[in-house]
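Notes for the one structure printed next.
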């Protein structure tokens, strides 16, 4: 079973990623996710750089992005991701009222996705344009 | 195979739901989703009333809610829902730049959900509080 | 892209499975599912024999089994399986009222599965016994 | 991380739902699921009322409905839901033989859903009617 | 909640399967998976015989098969299966470098599956042949 | 609804990615997937560079990687991805016998993932090391 790679035990390549995460997020240490990915330095680096690019403020703000991340993680049932992105969303400003509405929408979407499947609903012509 | 129930052929109970959808959304007709659910008037009514309540403006605005709905539908691969909620999100103000970022976040979340699973990453103590 | 293997073109091993399906189900021809699986005769045989054993009347009747099969297929969004097991369930006696309730339960289960995930609900001690 | 809201600490609106659950199900306390949903009283109320309507006896009996709920929860891998609906199904009369057959059907449906996907099996004309 | 059935407490039918697993895999005891499936001897036997047939060396070697098994289990988020098939893949020769690449491919496939869904990409004519 | 962006209509940034795909894969044109992603040049570039890195020969050969990609796509039910990665795997050397075994393993893994969920099988101590 894999174990986390701590900073003190990390290679220079891994440390460079850890340092960038800590600086970018202004945190004293990286989360377990990164300490496990560190077993594959190429994946660690690629994943971090992709996330840094994707989660940066753009047409959507970081809070909206974190809530979308959480909705996907809840849909997939990834316990680690629900915990970590729930924390990240709260840190980015998600109130409990916002969390409640996010869960309500996520739950309902999962329900109506199956109703649409089960009733074999054809796509409306208006949505094909 | 089920067929859509048009307004002219609908029972008074189903027409009442169709009327409420048309009024609430200011549209001339309801989507196929509702015309198929109409085969079960209790589910039609309950689903519409739930969605009306959930998608109303609250702590989250309607655009954010539609984007979350789309992220879930994309994750589940529901073609009908991707088409209909993509249209709804655009109607609520989603620009193409916002759509692009929404897809990027949704894709990345689906990737890291599996990396967390595969590396069996334990939840950080900080996320258990 | 694979193509269906018709009876006339099938090997003796494949024909034997087709014959058993036709006899067991009292149908003049097998569904496309089997005609595609026939590209791998070992999987064709194993899958048919497993399904024949699993779907036989037992503690659950065939109608209940077909409805469970349909609920799973709807949850996974398998269009072929929704079509074929919807037909099989109707043939086994599923009324439209039963179908409506089946969809309602399937939809709601998909919703509350995500609410339980998102709220990180711990399992009650009573359910651990 | 959310915590359960006990009856003694609940608002009148939440208590009203708890009371209805306890009366309807003839139980001394509500499950954790409801105690966590109580953080969002609107979702608590809507979810309970939907489930009460959906799970009531109708064209399908409560046992069949609980088994369908369990099949979906197993397919989605929701540990909480598998525990709680497994208990509910047993309370509604599911024997161990019925559970075994339910799991066999659920497992096989998940297998053949993927075989149909992978072989790209087209829907038979007979299933399009 | 089910409990494992140990060899000493097993029926002759269950013992026969346990014996075949132990002999085929050259292990002193069977895993928990089999000890729980043993509650349904028909499913125990059918599942073991299917797996024995499927996982045998053929056009694909056992290591490749175990890695495919692991990729599916990671995609579905089955914690038990990730643990057991991770161990089986390592026993069959999966190095840590191979595991890292397997996770990278699995993660990326989960990402691009959703990008293809979200952008509603039509299948190229070349892939329809 | 999005439309594909052809080379002639593409920006220099998009053309540079298309050129790299065509050169790397020795193909005259890029697949639809890339022509749709091109609506978001940053995602196009990041996704292509990630895939190029991940799918390169390493501890696993390209054929094994394509088969893993296909197993995940089949599990998720992504029709586009099943078509495109099925073609890619065949181009990389997957025989029909290999495809059959790949499908058999993928199907069985999806089945036993649910059996492990449903029986609530605890992880063996041996897999926790």
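The first chain written gets the first letter, and so on, giving A, B, C, D, E and F; residue counts start at 1 in each chain.
Basically, a residue touches a chain if its C-beta (ideal position, glycine included) is under 8 Å from a C-beta of that chain, and two chains touch if they have at least 3 such contacts.
Bear in mind the structure is a predicted one, so any value in this text is a computation, not a measurement.
Novice: What are the chains that chain B and chain E both touch?
Specialist: A, C, D, F
Novice: Quick check for the class: compute each chain's Cα centroid; which one is farthest from the centroid of chain D?
Specialist: When every chain centre is compared against chain D, the largest gap points to F.
Novice: Tell me the rotation angle, 0 to 180 degrees, that brings the C-alpha atoms of chain B onto chain C, to the nearest 5.
Specialist: 120
Novice: Average the CA atoms of each chain to get its centre, and name the chain whose centre is farthest from that of chain E.
Specialist: B
Novice: Which of the two pairs, C-E or C-F, is linked by more C-beta contacts?
Specialist: It is C-F, judged by the count of C-beta pairs in contact.
Novice: Please report how many Å separate the Cα centroid of chain B from that of chain D, as a whole number.
Specialist: Roughly 21 Å, centre to centre.
Novice: With centres defined as the mean C-alpha position, give me the chain A-chain D separation in Å.
Specialist: 27
Novice: Indicate the residues of chain A shared as contacts by at least two other chains.
Specialist: Counting only residues that touch two or more other chains, chain A contributes 1, 39, 42-43, 46-47, 50, 54, 75-79, 83, 86, 100-104, 106-108, 110-113, 115, 117, 119-120, 127-128.
Novice: Please name which positions on chain B make contact with chain A in the complex.
Specialist: 1-2, 31-33, 36-37, 39, 43, 47, 50-51, 54-55, 58-60, 64-65, 67-69, 71-73, 75-76, 78-81, 83-87, 95, 97-98, 100-102, 104-106, 108-113, 115-117, 119-124, 126-128
Novice: Please name which positions on chain B make contact with chain E in the complex.
Specialist: These residues of chain B touch chain E: 70, 74-75, 77, 79, 82-83, 86, 102-103, 106-108, 110-115, 117-120.
Novice: Chain A touches which residues of chain D in the complex?
Specialist: Counting only chain D, the residues touching chain A are 1, 39-40, 42-43, 46-47, 76-78.
Novice: Hey, which residues of chain A end up touching chain F in the complex?
Specialist: 1, 42, 46, 50, 53-54, 127-129
Novice: In the complex of these two chains, what residues of chain D are touching chain E?
Specialist: 77, 83, 86, 96-97, 100-101, 103-104, 107
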